[in-house]
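Chain naming follows the written order as A, B, C, D, E and F, and within any one chain the residues start at number 1.
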Amino acid sequence: MDLSGLLAGFADFTWANALMLVIGGALIYLAIAKEYEPVLLLPIGFGCILANLGMSAYDEESFLRVIYEAGIETELLPLLIFIGVGAMIDFRPLLAQPRMALLGAAGQFGIFGTLLLASALGFPLNEAASIGVIGAIDGPTAIFVTTKLAPHLLGPIAVAAYSYMSLIPIIQPPIMRLMTTRRERLIRMDYAPRPVSRLTVVAFPIVVTVIVSLIAPSAAPLIAALMLGNILREALVVERLSKAAQNEIINIATLFLGLSIGATMTAERFLYDPVTGIQWQTLMVLGLGLLAFVVDTVAGLLFGKLMAFATGGKVNPLIGACGISAFPMAGRLSAKMALEEDPDNFILMHAMGANTAGQLASVIAGGVLLAIVTGMV
Amino acid sequence: MSDTFIQSLQITALGMGLVFAAIILLWGLMAAMTALFRERDVAPSPPVPSLEGRGDGNEGKARAAAIAVATAIAAQRQPSAHPLPEPPTAIVSAWQLGMRTRQMSQKGNLGHRHR
Amino acid sequence: MDLSGLLAGFADFTWANALMLVIGGALIYLAIAKEYEPVLLLPIGFGCILANLGMSAYDEESFLRVIYEAGIETELLPLLIFIGVGAMIDFRPLLAQPRMALLGAAGQFGIFGTLLLASALGFPLNEAASIGVIGAIDGPTAIFVTTKLAPHLLGPIAVAAYSYMSLIPIIQPPIMRLMTTRRERLIRMDYAPRPVSRLTVVAFPIVVTVIVSLIAPSAAPLIAALMLGNILREALVVERLSKAAQNEIINIATLFLGLSIGATMTAERFLYDPVTGIQWQTLMVLGLGLLAFVVDTVAGLLFGKLMAFATGGKVNPLIGACGISAFPMAGRLSAKMALEEDPDNFILMHAMGANTAGQLASVIAGGVLLAIVTGMV
Amino acid sequence: MSDTFIQSLQITALGMGLVFAAIILLWGLMAAMTALFRERDVAPSPPVPSLEGRGDGNEGKARAAAIAVATAIAAQRQPSAHPLPEPPTAIVSAWQLGMRTRQMSQKGNLGHRHR
Amino acid sequence: MDLSGLLAGFADFTWANALMLVIGGALIYLAIAKEYEPVLLLPIGFGCILANLGMSAYDEESFLRVIYEAGIETELLPLLIFIGVGAMIDFRPLLAQPRMALLGAAGQFGIFGTLLLASALGFPLNEAASIGVIGAIDGPTAIFVTTKLAPHLLGPIAVAAYSYMSLIPIIQPPIMRLMTTRRERLIRMDYAPRPVSRLTVVAFPIVVTVIVSLIAPSAAPLIAALMLGNILREALVVERLSKAAQNEIINIATLFLGLSIGATMTAERFLYDPVTGIQWQTLMVLGLGLLAFVVDTVAGLLFGKLMAFATGGKVNPLIGACGISAFPMAGRLSAKMALEEDPDNFILMHAMGANTAGQLASVIAGGVLLAIVTGMV
Amino acid sequence: MSDTFIQSLQITALGMGLVFAAIILLWGLMAAMTALFRERDVAPSPPVPSLEGRGDGNEGKARAAAIAVATAIAAQRQPSAHPLPEPPTAIVSAWQLGMRTRQMSQKGNLGHRHR
């Protein structure tokens, strides 16, 4: 009698798989003990463990493959998550001070800086771009772009995107202190927002969707999903749909997204390929991803200083650091630092304006990048 | 320099250019919108919790209460813009009525729970 | 380098697309400002906007196409909505006064009247039938039938079905006043309902499913979904499933249904086809749809008068107007008009009986129509 | 008259005929059922809100309260038709027990919240 | 004009279909009046009715076929249910008294005893194994294994698994009284559990997943889903995902699972095949399934007595009866019987330990069986 | 004896053998784990209701209350293991923050509702 079915488990299990189990466990540890993006790192870690026990996204008949094909290859899961995110974002701070939008654009340099370095290091264009998009500091955007350009890198890129996002409070402050003078951090910003009418908050998501879809069609699905969620939120008359977006839809999508991403982290793709040997690229992706975060922050702060100079010291450069997206902790972090310097200096609303702008700019940048690279590759 | 790197340089120039172009365009549109769509009624923050400035449970609770009230108010405030003096529920389809109603009762409970 | 990916957005964008954006915006306005079926018109409007920005149900790689194929072509979404609707309907008023069922049948003449006119106007049979089914005054039924007979008309037909449904309180009253004498509207109906046992309310959905599935197999899925929801509701022991049907399932299905319908509203199908020119059919569908509502109401009232005559003035003809389905507002409207004539004249329960009967009859009529036409085409 | 129109006439005749036939059949069956299945216990309206006669939030609230009570009662009322004097929870599977239990606690809260 | 579409309903309807409607109705009766697993038997019963009205899982264009293919053939639905179940199970009682695990193993003899009898009765191996797995006394496991080995038996096997599970309180007590002396039932067990650290409860699901996936790869998906749910529960930091697993996900999956199972219960497969005549196998499956429950219980009790003997009367044999899984009612039943003999004899925690062990052992046994038989067939 | 039956006998032997092997292995591992991972903090039962010993609605209510409290406590207890004295919410992504916050407000309400 053929018992290969029984021995299969041990037969295919390599030392590399064993190491991946440890890595998966480490991700779960970070999720639970350190609370690094638990809702994503926990499913990713568990999916990574399953991927190395014969249930990867590449195994025939693996249930995770079914979910991967239905949710990732169709791009549905990141979009569903964005519908929920959109239903949770309040754009009033940005609408009240539109110029904050500029800081959002500045916060995207990390994407391209990383792209440059990655290609200099010899990564082909599609991989370099996918690595660069970690600099969008936005999970769904990174996953959306990577799925189209270099799906085999989904694992390391998603892990980098989400774990570094949790490290913002550790990564940013030293850079902020290093690049700004105390004098600059003490700058107060007067907050006299224009009142925002209901018509504006409802029209905004539609306008953004149209503009962005025309300028960067590749970003259209992402921005459309984000803005759909936002209009469900602001319409007030479809509370049920808004609640569904913020609960059922995003919860289920997140669980399956995390599992599917983890299911791509097989030993041979993440760690050691019997043919090509150790997968150094994984380490390089993690390293370059960290760099992307730094460059984003630096560029944002420089632009903040520029605005401070241009406005004759009416802008606190710290808010430059929230253009990177990573909404909303980047915004809260800048406001916090200003408060540490001067307990009466409240720049939270400005920071949130720049931060939401960063969210938009990240999606746009990701779409632009996707469009250009698709045209070149 | 490698061919790929040169391409990357082109991408960077073009990419950041487009990003700034798009953002500046949005800036203009936002300015225009806030200017055009003048305040008849200031937008009430929607019943779903917004994301800024949340720290701990207490704050969370406070918010929740605020939301409950806001929701209740919004519920009255909502302009029934119908020619007939019909209650809004009368011009919605079967199951939507169901929805609306349950929402109301929920609001009811919320308001109640926090009052 | 090929930047078609970037220019694509503008390249494909025509004046007709622009006009469709306005139409989509108008639907969203009706949804939010006028509260016309917001849970459907808002997603439809937003989907319409996306459809004209390269994300239509006919574009390759459009995420809305994925949803359209998975939810509309499989007919799943309207059925899931019906499961939720069934879990929200209480058939006791009908079970307590079964003769009210007749009014439900009478309320379906609009379907066939419109079919006749449409075919007279030169519409092919499948299109004429799809237009006629607007007279079912029931969204899921109209969508279910149209998907099988003339999917290219889904947009205008769904828009007509749902927006006119919101206009019932404007469309019906003048007709009701015109067609009934004050004397008739003053008729009081004694309400001595037979008590309805639990066994009855639980057996009812099963019996209806069996009967209708045998008489009109094409209506089977619709009636089965509706009655499944109803038995989940009446069983009392599966509250969790009943709640899921009324919340998660119907909310998510509604959002995706609306988006998918909107995603079919591309300029060339809805407004202007470069080859065949302006799509007058869209306007005709909207016009004929309105007619369907009127004919339904007229026929219902006439039948009401007939019953009044037959019963020697024991039936108030006003309740004839609620046989059209459009549950529950049609029922409440009739009761309201009776109250306006005489503050002590309560016919709500009778109206609700006729109204729920209309819901059943609409599904049956839709199925019968589908069966016959499928046999002919 | 166009061929299509004639077909439509046939469809109309046949269609309305069948609709009335089906409805009359249902009428008979409903009459029979209500007659046959006599009142031992009158059906309690289920805990999920029914659709008629809902106007505004207050009514909604009132309903909600009513429902809460109804639910609570129903919860006791439910006839445990088991040979053994086991609590119903004992003869349900793991996760259904979970469900049932949470339902109960929910009912509990509801009842509690509105009492 | 071709009206076959209309006559189809009656044309295909046989006396066997009529009988199946009665059977479906009976299942619904058991669900509502007797509360036998209502959340499953109600959808199964309704699905059975639909299956015999032209909407079976085997009919072209049946919406239930769509659900069947998407949810059962992919194995997704039982796995989604297991995610929810895992999020509802507390393994602390087992972790506090690991030796209780042995009783879980003993409770699986029914699977193999039934396999033996079934093959003796002439069932081919794949069918015999599927019937045996009813002895796992765990719905998802039985459905998972049967789907892979003998999908045509899904109906009777699922019905047996779930309806007998409801009958545990009727099936077990007489056997327990018969096989244990009063003296044995009076045995008290001291409960000095080791405290269970948070690290343990979090590491447990991971360890179990790894071990079981290596020993019995065929059981991997089941155990993975169960343990995924459990870690979501114990992590405490992903409450949203845990709640989603216990509500949205499991509710929707259960409704669709029940419907799809019922949709396989067509007359010709369940009752009477025009070619092969009456389907006696259905009755045999129901009979053998009942036997499986009995054998499980007997074996569990014998092993309990063995442990009682081995420990010199420190173990109450009654807890042997909860190794069969059927969590948690088997556990509560044993505790209840001990209380009946002696109002001060509390063995609930021990019973729950054995009961959760039974849940694990059932999945392992199902996977082992699947692996071996797949290797042989 | 039929060929199938002999196979079944083999399956039974092998199958039960493997089941016991696996379970004994798990036994060892569980013993090891509980021994190794010593008590710094005893695991608090999670906020989601566990399954044992639930009988009727009252018990359900009691539990619910207990859970509410447990949840509240757990919420404080949760060790914020971050180098910076940041509130946990600060290092979560946009929507997760939304989640966390709503959870808190829910816990708030729960605690509140039952207090």
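In the analysis below, a contact is a pair of C-beta atoms (placed from the backbone, for glycine too) under 8 Å apart; a residue touches a chain by one contact, two chains touch by 3 or more.
Here the structure is a predicted model, which means the values were calculated and not measured.
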Can you tell me the least number of steps between chain E and chain F, where a step is a move to a chain it touches?
1
Please state whether A-B or A-C has more C-beta contact pairs across its interface.
A-B
Greatest centre-to-centre gap (Cα means) from chain C is with chain F
What chain is the most remote from chain D, judged by the mean position of CA atoms in each chain?
A
Taking each chain's centre as its mean C-alpha position, how far apart are chain A and chain F in Å?
29
Chain-centre distance (mean CA atoms) for chain C and chain D, in whole Å, is 22
Whole-Å distance, C-alpha centre of chain A to that of chain D, is 46
Multi-partner residues of chain A (at least 2 other chains)
1, 3, 6, 35, 38-39, 88-89, 215-216, 236-237, 240, 243, 246, 248, 327-328, 332, 368, 372, 376
Note: chain D residues in touch with at least two other chains are 7, 14, 18, 49, 51, 78, 89, 94, 97-99, 102, 113
Enumerate the contact residues on chain A facing chain E in the complex.
1-6, 8-10, 13, 21, 25, 28, 31-32, 35, 38-39, 42-43, 46, 49-50, 53-55, 62-63, 66-67, 247-248, 251-252, 254-255, 259
Enumerate the contact residues on chain E facing chain A in the complex.
74-76, 79, 202, 206, 209-210, 213-218, 220-221, 224-225, 228, 231-232, 235-238, 240-241, 243-245, 248-249, 368, 370-372, 374-376
Considering the complex alone, what residue numbers of chain F touch chain E?
2, 4-5, 7-9, 11-12, 14-16, 18-31, 33-35, 37-53, 74, 78, 99, 103
Spell out the part of chain C that touches chain D in their complex, as residue ranges.
87-90, 92-96, 98-99, 101-102, 104-105, 108-109, 111-113, 115-116, 119-120, 122-125, 128-129, 194-201, 203-204, 207-208, 211-212, 215-216, 233-234, 236-237, 239-240, 242-243, 246, 327-328, 331-332, 348, 352, 357, 360-361, 364-365, 368-369, 372-373, 376
